[in-house]
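Down below are the structures I want you to see.
In the two complexes below, chain A is the common chain; its partner is chain B in one and chain C in the other.
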Partner chain A sequence: MPIDDTIYAYSVGRVRALETRLLDQSRFERMIDAASGEEALKVLSETDYAAAVTELNDVHDFEYMLSAELKNIFDLIRDISPRPEMIATLALRYDVHNLKVLFKAKYLGVKTDLLIPVGTVDLNKLEYAVNEDDYRDFPGDLRQAAENINEDFLVNRDPQIIDLILDQVLYKQLITLAGEYNSAFLEGLFIRQIDLTNLKTLIRVKRMGLDREFLKKVLLPHGSLPADRLISLTDEPLESMITALNMSEYADLIEEGVREWLEKGTASRFEKLADDYITAYLKKGKWKAFALEPLVGYLWAKEIEIKNIRIVMVGKINQLPAEAIKERIRNVYL
Partner chain B sequence: MTGTEIALIGAALAVGLAGIGSAIGVGIVGQSAAGLVTEDPDKFGQTLLLQALPGTQGIYGLLAGFLIMQEVGVIGDAPMLVLESAQGYAFLMASIPIAIVGLVSGIYQGRVSGAAVGLVAKRPEELGKGIVYAVMVETYAVLALLATILLLFGIDVNG
Partner chain C sequence: MEIRVNPTRMELNRLKKRLTMAQRGHKLLKDKRDELIRQFLILVRKNKDLREHVEEELSAAFSKFLLARAVMPAESLEEALMYPTKTLSLEISEQNIMSVYAPKFNWAEEDTGSEEDSSIYPYGFADTSAELDISIETLSSILPQLMELAEVEKAVQLLAEEIEKTRRRVNALEYVLIPRLEETIKYITMKLEESERGALTRLMKIKDVVRAKM
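For the complex of A and B:
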């Protein structure tokens, strides 16, 4: 027994109550079967989203509702967690997302409303920093990365480089923090996310016909799939790739997701399976009574729920067939 | 130290350690329950029941302490006994089972009950099963109390 894991008693008790209010698969099915976007929202108004739904003036505004919900949940979990700094590691991803959006907006000269107000750095501060090229307030690695992006972009003019540099910093930072907090659970989560990102990069590189040298540069370190093994797969056909990786944890994901991606050209199956994979990993720790796992699991469950609502709403508004929406819906955490 | 003083250390340990066990146990469940009730106030009654479970070790400790005090004559009408060291140590030893098992089982029963709060959050109708799990831990506190009582009754204070 660790000295005092019961510091989690309150927060886990609270999360247990919150978990019961997550939307289940049948609720999403009802939303999908609804006749229109408005009807789908009506189904949503029977749930905890009721108050937020009534405030919507237009069905197209659901994005604001989801973004506010995500922020509320992150704030809540951070507040009730005995180790808020560990929850904050999960918000870092949003800082990086916002930075990517801001950098791209700056170089393409457009305004953006894709920012997500969940990160650890205030959005106004981020916006100011990027616009004024002043990254003094950023934590060490991020600052270095932001400066690199500026230099790199002036030379290469390639927006992809923004994503690459920032992802490298993000995951390096996450792995370092997981080590600092001595959390094998968080480290396991981040390693899996790195693996999934690397697999995605590999397929992209394959499809774009780029060479090994490029892949070598962009693969994230610290994953459980060795980089040289992934690099050696660049020129291999799909079948041998499946064989090569079928001993790894990702066999099913590759078999099904990668096949569809390479054969039909859509990544949506892969993306769904990748999310489901993380959900399955987090579900393993769900029933710990005194631990960080249920808190992180609930946060992820909420992110997936919000993603699912978005998929359904976008599908309904654009009148996609029900089957097409159903295929994209992520497994719920319940 | 006189035998009487040593016997009273036994009483203090029984009440003190078993009480600490219960306090920690009840404290853990209280935190879990407060988390649940923040979101779902209707669960107060059920969680209170779970919180009470790890409280018994403290009561057993107090019972053992009372028995020692009575036999030694600290309470009651009989005059206080003057005990040999050996007799005093016998009382101290007799208090050990409930003192140690009370401390440890109180904490673990609290952990089980705290987990059962999560069970009640999701399936309130299964409260009974949560209680049964916690009561399994209780068994060992009861056995320890039994051992303590048998030992106490076996001590000959007049010889």
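For the complex of A and C:
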């Protein structure tokens, strides 16, 4: 059904105003140059985070501030968006996180405080469902997945299975939803996220010395890079990945990321580049006046900003060298 | 200071016996001490190497962990590590080093899952950072060394205590008991000789008196 795009006018306007308040690169550089965690927080208190910063009793509590910020932003965007169900797809990730936590807590027989209150399903409902094995209210594939986990875990008792099943169903669901809402933009976003995750997974599985059977189990479905191609790369040296995938759109990223991974044995560059890649993709839609793109872009920008703040704060509190922090800071969306 | 005793021949014999016993004990304890120290030095060297190695690896693992922590939200990290794939069963037996009973750790990793090849990574890949893999891997690889270190360190500690105790005994024998015994023996011998000489003089005197009267 055709939708009048002007319904986005108000929300895009709102987002335009909010975008100006995102932290820019120079702000992060000032935070990195700060002498301590406290000093870095001071830099933060000159920004939108001022109110939250003054409420902090201790630098180490910055994580609460970030969680609260994430929730606020999601609530806000969901409120102003004319089609909140499309924004909800982006929050699905947190539902899945909560499910993982709840399943593990259930099997361990413990209480948990690791839930993130950003998801689309109410936390109490989620908790009730998992504890009572009653998944009727779960959307589509998620219900099937929850039931699968229950069966599989009781047999194998392998906690990794929980994560694997849920991750896969998450992206499957996302692609389905993007199709339902007829949004090529969202589909493009999810496919890119899947591809990047799959590439990273391939390298990680190789590093762990696990075989192709395992990789087959953990690759996410619906990526643009065919799974067979990735699986066939398991037995070859990492370098060949660069040549094998040099025709894909991720060629530059793979080359730089993999090279760094080979040289320094750290994945930080690859992960940063992957996030930057998504940022670049979203930036393309930033200036559309009546569309979903700016809203999604802003949400992502905010998630990246939160990630960056976390990197800086953890780095500053633990006195990591400025270099180590700098090379992990993601590009900002501005 | 000598021991207060009656200067009798019986007492003298008893003391002499005690002295030989003390000397034999002293020699044995001294040997024991030397051997303990030898063992101790071997273990201490091993301990030092192990400890340096483990500390280096651990600090590397922790710094990796820190980086993983930096790029992942606290909740995701905790979720990833919430349910371990492996449990460790530890059995402690004793090993005898020079009659010092040091603990010996027998330990086995058990998969919590029934699948035999379940990996050490209890999490999925989509929501976790690869930096976490590396720190988990390092931590898991130094676990055996960590156990060995605990074992060696405890043994060193117990040995040190035992050496201390043995040395105190050796010293007590060498500087207190043996000199005292020797002194007392000397005192009794002197006393006995003295009274013997007294008896002799008395005898000679009596002999003189008797002879003069004849």
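The working rule: the second predicted complex is superposed on the first by the 318 of 334 C-alpha atoms of A that agree within 3 Å, B and C clash if a C-alpha of one lies under 4 Å from a C-alpha of the other, contacts with A are read in each partner's own complex, and residues count from 1 in each chain.
By our rule, contacts are C-beta pairs under 8 Å (C-beta built on N, C-alpha and C of every residue); 3 or more make two chains touch, one makes a residue touch a chain.
In this text, all values refer to a predicted model and were calculated from it rather than measured experimentally.
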When chain B and chain C are modelled together on chain A, clash or fit: fit
Cα-centre angle that chain B and chain C span when viewed from chain A, reported as a multiple of 10 degrees: 160
Which superposed partner A:D137 touches (first chain B, second chain C, both, neither): neither
Partner chain(s) touched by A:K104 [first = chain B, second = chain C, both, neither]: second
Partner chain in contact with A:D24 - chain B first, chain C second, else both or neither: neither
Which superposed partner A:I80 touches (first chain B, second chain C, both, neither): first
Broader residue contact with chain A after superposition on the shared chain, chain B or chain C: C
Contacts of A:G13 with chain B and chain C, given as first, second, both or neither: first
Touching partner for A:D48 - first (chain B), second (chain C), both, neither: neither
Closest approach of chain C to chain B (Cα atoms, Å): 29
Chain A positions touched by chain B in one structure and by chain C in the second: none
Parts of chain A lying in touch with chain C, wherever the complex brings them together: 63, 66-67, 93, 96-97, 100-101, 104-105, 107-108, 112, 114-116, 155-160, 162-164, 166-167, 170-171, 197, 200-201, 203-205, 207-208, 210, 214, 218, 220, 265-268, 270-271, 307, 310-311, 314-315, 318, 320, 324-325, 328
Interface residues, chain B side, partner chain A - complex: 28-29, 31-36, 38-40, 43, 110-111, 114-115, 117-118, 121-122
Residues of chain C that touch chain A when the two form their complex: 66-67, 69-71, 73-76, 78-80, 82-85, 111-115, 118-119, 121-127, 129-131, 133-134, 137
Chain B partner contacts - residues on chain A that touch it in the complex: 6, 9-20, 80, 287, 289-290
